[in-house]
Structures are given as structure tokens and as C-alpha cells.
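Just so it is clear, A, B, C, D, E and F label the chains in written order, and each chain counts residues from 1 on its own.
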Amino acid sequence: MAKREEFVRRRLELNEKVLRRATLGIKRFWNLDEQSYHAGALDAKTKELLGLASSLVLRCDDCITYHLVQACEKGASGAEIMETLQVGLVVGGSIVIPHMRRAVELLEQLEEQADQEKS
Amino acid sequence: MAKREEFVRRRLELNEKVLRRATLGIKRFWNLDEQSYHAGALDAKTKELLGLASSLVLRCDDCITYHLVQACEKGASGAEIMETLQVGLVVGGSIVIPHMRRAVELLEQLEEQADQEKS
Amino acid sequence: MAKREEFVRRRLELNEKVLRRATLGIKRFWNLDEQSYHAGALDAKTKELLGLASSLVLRCDDCITYHLVQACEKGASGAEIMETLQVGLVVGGSIVIPHMRRAVELLEQLEEQADQEKS
Amino acid sequence: MAKREEFVRRRLELNEKVLRRATLGIKRFWNLDEQSYHAGALDAKTKELLGLASSLVLRCDDCITYHLVQACEKGASGAEIMETLQVGLVVGGSIVIPHMRRAVELLEQLEEQADQEKS
Amino acid sequence: MAKREEFVRRRLELNEKVLRRATLGIKRFWNLDEQSYHAGALDAKTKELLGLASSLVLRCDDCITYHLVQACEKGASGAEIMETLQVGLVVGGSIVIPHMRRAVELLEQLEEQADQEKS
Amino acid sequence: MAKREEFVRRRLELNEKVLRRATLGIKRFWNLDEQSYHAGALDAKTKELLGLASSLVLRCDDCITYHLVQACEKGASGAEIMETLQVGLVVGGSIVIPHMRRAVELLEQLEEQADQEKS
């Protein structure tokens, strides 16, 4: 799945650029961000779905891509993703639809990839 | 807990005013909104937490109040609420802090009320 | 209608405070803002409805109040207001509902006042 | 006008992907969204201008493109579009300028296309 | 200046409630937030003005109040505050005006208080 | 630095298109926008940093690019830019990270270009 791999590669490349120049405060934010999705009272899958819904209503494609991939890796089913997107759509309105379209396209790619890996 | 009851009363009163004048489309939105939090692939508690995180990052006090009350009624623990608020805080930044403060105050009131009802 | 008159009085009082200290640029913005709703290719009522829909999706109660009053003064009917609110609701999602509730309450007050003035 | 046709084609392709997997709630939202721009107390052109102003202040290029095309098809003149954009610019501030630039470029393309079709 | 003192008192009271229940991540965010306005390559006054402009364009009254008070305490003049507000107004548009009105009212109160303390 | 030059060229081209069709109000906004960053009580560098922080929290890549270039031309150091980005990150949350990544990449390009021009 070229598109997703390109996203991951580019994200890592830019993260390195940021962290090379980052203030101590920026580094602390990076750690805090990463730690916020670790399992605790809520499991990791649920936290990624929270991140996904929040990213959809705030309309950030990169953030949606990231949390959608993470949620699937943490075991979210296609139906769980679609219900999460519905909550985001109803809360955020039709203005989120362009982002939701791209999210569903990515979900389809992730499922095709998962099917290929199984077979 | 006067504050919460006043919120519920006022919300109902205004909902009636809206629905008395609503177009068919507005009524449909109202139904769709309500239906989006019913249990499906995700349980109702998780959906309310999605609504809570989305409301926090979009910074709507009335929506936070509504989903926080609902999440507690659907069985969310204080620790689960706080982790949901942390995700919203990290995604949405310090600009959500004033809303988070009021959310924690409400959580405290809900727990005090639950304690009183038990004893 | 005490509430609306208090809104108008307070708005004027604060506007005076701003303009007493305003930079030249702030004064120019004030003029530009006011001028943008004058009739041109579009009539003044339509422009106020544009301002109302924009204020609803951006969720600013003061701005909604202002444009709702203006739209009614420029001849918008209750049905035209409700259809404008529906567009804003669908574009902006359930997060606009608390503002929409207050908008409909104001609309009701404006119509009661108009009825009293006629009789 | 290749760009606009590519936009329409891609939008349809992704819409199909969404609707293939959509929950009942998502399908209902799609219907409600479409129905909200039908003529009622307000004519269809005015509703598209409301959608355009809302999309500009919320800064969604896909939504701006969609409503701009629709508004022109419903008979909006270039001058009416520009006044709608002015309201959105003043309400939303300089942060909407990049989207406004692309909107004006699209408007120019639509008018060139209309001229060619006439001749 | 009763209003400002009430704001400070209420803010402290709610901060204590939050920190009593906060996850480790929330506490870390609180520290990071506070540390981000310490003098570094930029002096503390400039950082508070950055916080003020950001709070204005995001339209958060509590955040505006906080950074306006801090900026004045770090030595920002009335003219510097007004130019910061102008940048926020032009970037954020007329939707920020209600918040700007309240900001100017607070600025006036802060200056009156400073005059009284001097005399 | 091809990317930046392409950005400048495209921006000018579209600005011309807008101004060719602009209403008087749009032209006035353009002037007001430009004038808001001139030195006054605050120097021009500080005003560009205010524009940069505001653009980051509102998440507009074109606006970030513009103010980052301007801030560097007005003498902002890399460390000053990074501290400005930290304030924007803490205020706006992780949702601004994708924009911050691209901002740091641009900062690196600007510094490389400055190094080449010196040697």
C-alpha cells in the first residue's frame, strides 16, 4: 500500500527534522502525546478511537490517517471505525465529509492489505 | 445537584421551542443525533466518550455537560472520564483547559450525588 | 423585550470603549464590517442571512444575536430564518445545537415583540 | 475544464466508497445534507450562497468548490459570488484568504467555460 | 477590581479540583503550559502577547483574560496590547469582535487599577 | 529554493485574480491586512511572530509559510521561531503538529538558503 507507506516515511522524516531543532518543551509535548494513547483505565483501541473522532471533528487529514491506522492495529473492526466516523460526522457536520471520504478510502486500503497478508 | 437539574430543565425547554418551529430537516437531524449514540458495534458508553472527547476539542460546554452526564449514566468510571479528557487536552491544547476545569467540577458533583443516592 | 435591549445597550457601551482606544486599523475594520452588509448585487436581507449562517457554524452567540435581529429588521420571515439555521446545522453539526436553541428563543421573542407593536 | 471535472469524478468515486460501507445513520446524514439545499422559503440559489459563506469561514476547499459550482448552476452571478465571499472574508478574517484565492480562480474557470458553451 | 479577582480565585479553585484528580499526563501538560511562557530566546512579554493573539483568534475569553493580565504584568503597554488585538482581529475576522470588546474592557480596568496603586 | 519561489509566484498570480474582480470591501481588507504588520508600538518582527502563532493555532499552511518567511526577513532567529511554534503547539494541541512539521522543514530551507547567499 504505497500511499500509507509514503505517509509513514514522510512523517518520520519530518519528525526527525522537528526533534533536531526542538526546544525542551516541544520534546516534552511529543512524549506526552505518545503516552496519552497507552492503555490505562481505557484500553489502547478505545483511546485511538477517541483520537480518531477528535481528529475528524477538527478536520486534520494527517491526524485521521495516523489514528485510523493505529486503531486498526489495536484491533478496531471496520464496523467500529464506521460508527466512530458517524459520531464525528454528526458532531462536526457536513464540513467533515471530505475528510471522512478520505478516511473510508484508507480503511478500504488497510483491509485489502490485511486480506493480502492473511492469504 | 441544582446546577445539573437546571441545565436539564433549560435544555428541555429550549428543545421544545426548537422542535415547535423546526423544519422537517431539523427534526431529522435531531433524530439522527440521538440515534448515533445507541449501542451497535461500539457500546453506548464508548460512544458517549467519543462524544465527550469531540465536544472538548470543539470547546462546547453544553455538549461536554451532556456527554459527561450520559457517559456516567452508561457506566463510565471517573478514571475513564479523566483519560478521555487527557486525550482531548493533548489533541486540542491549552485552549480547552477552561472547559476541562468545568468538566472536572461537574464530574465531582456527579460523583457526590451518586454517593448520596447510595447511602 | 429586556434581554435584547440589554444586549444592544451593552454592545454599544463596549463598542465605545473599543473605539476610544482603537488603532486606525481597528477603526477601518469596524467600517469595513458595517459596510459589508449594505445592499449591492445581493440585497441586505440575504447578506444578513449569510452573516447568520456564518455566525452559527462558527458558534458565536453575540454574532448570531446581531445578525438575527438585523435579518428580521430587513424583512426575513420566521421560515427563512429556520431554513438558514438548518443549513448552518447541517454544515456545522450537532456542536452548533446549543447556539441554535438560543437563536430560536430569540426569534420567538422578536416575533412576540413584533406582534405587540402591531396590536 | 479538467480540474473541475476531476473534482466531480473523484468526489463521486469516494462517495460510492463511503455509501458502500455506511451505517444507516451516515446514509441518513447524506440525504439530509442533500435535501437542505432544496428550494423552500428560501430559493435554491440563496441556500447555496449560505453553504458557500459557511464553507469559506470554516475553510474547507472541497465544500467551497461544491457550493460555488452549485450556486453558479442555480443562477448566481459573479458579482453575487464576490459579495458572498466578502461577507465570509470579513467574518472569518485573513485566515480565509488562501481559500478565497482558490475560489476566485474557480469562479474564473466557470465563467470561461460558460462563455465557451454559449459561443 | 472585583471581576478580575473573582476570575483569579475561581481559576485557582478549579485548577485544584483538576489537579486533585489529574492523570500524570494532565499534570505534565499543566507544567509544560506554564513553562512555555518563561523567557528564553523571546522575552516573557512577547510570549504573553503570542498567547494573547492565539487566544483571541481561537476565541477563548478565559485564555484572553489570563494572557492579557500576564502581558500587562510583564510590562506590555496599552498600545502594544491594542496592536496585538489588531493582528488577532485581522487574522480572525469579525467573529472575534465580541471577545475583543471584553478584552478592551479588561484592559481599561487593569489601567485604572494601576493608576490607583500609583497614587 | 524552488518550493518557496513557487509559493510566492502562485500567491501573486492568485492575488491578481482576486484583485481584478474584488469588491471595494475586499480591496480594503487587503490593504488593512498588509498594514497590520507594519512597525508601530510593536516592531515588525514581533508582529510577524504574532501572525505566525495565530496561523499555527488556526492551522493554515499558506498563512504559516507567509509569516515564517516574513519573520525571518524581519530578523527572527531560528530559536525565536521555535519558541513561537512551541507556544502555538501548547495552545493549539497535537492537531497543529502536521503544520508544525512543515513549518520546521521550511525554516530549514530558509536557513540553508541564507547560508548559501552568505558564502
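Annotations for the structure displayed:
As a working rule, a contact is a pair of C-beta atoms (placed from the backbone, for glycine too) under 8 Å apart; a residue touches a chain by one contact, two chains touch by 3 or more.
What you see is a predicted model, and the numbers here were worked out from it, not measured in a lab.
Chain centres here are C-alpha means, and the one lying farthest from chain A is C. Within the list A-E, B-F or D-E, C-F finds its counterpart interface, over half of the contact pairs alike by residue number, in A-E. Centroid to centroid, with C-alpha atoms defining each point, chain C and chain D lie 24 Å apart. Spacing of chain A relative to chain C, judged by their CA centroids, is 38 angstrom. Chain B and chain C have centres, each the mean of its CA atoms, that are 28 Å apart. Here the CA centre of chain B is 33 Å from the CA centre of chain D.
Under the contact definition stated at the top, the residues of chain D that touch 2 or more other chains are 23, 25, 29, 32-33, 36, 40, 54-55, 57-58, 63, 82-83, 86, 89-92, 94-95.
Interface of chain A with chain C (complex): residues 57, 89-96. On chain E, the positions that touch chain C within their shared complex are 59, 78, 82-83, 85-86, 89-90, 94-95, 97-98, 100-102, 104-105, 107-108.
Within the complex formed with chain D, the chain B residues making contact are 23, 25, 28-29, 32, 35-36, 40.
The part of chain D that touches chain A in the complex is made up of residues 11, 14-15, 17-18, 21-23, 25-26, 29, 33, 54-55, 58, 60-63.
For chain D in complex with chain C, the residues that touch the partner chain are 32-33, 36-37, 40-42, 46-47, 49-51, 53-58, 63, 77, 79-80, 82-84, 86-88, 90-92.
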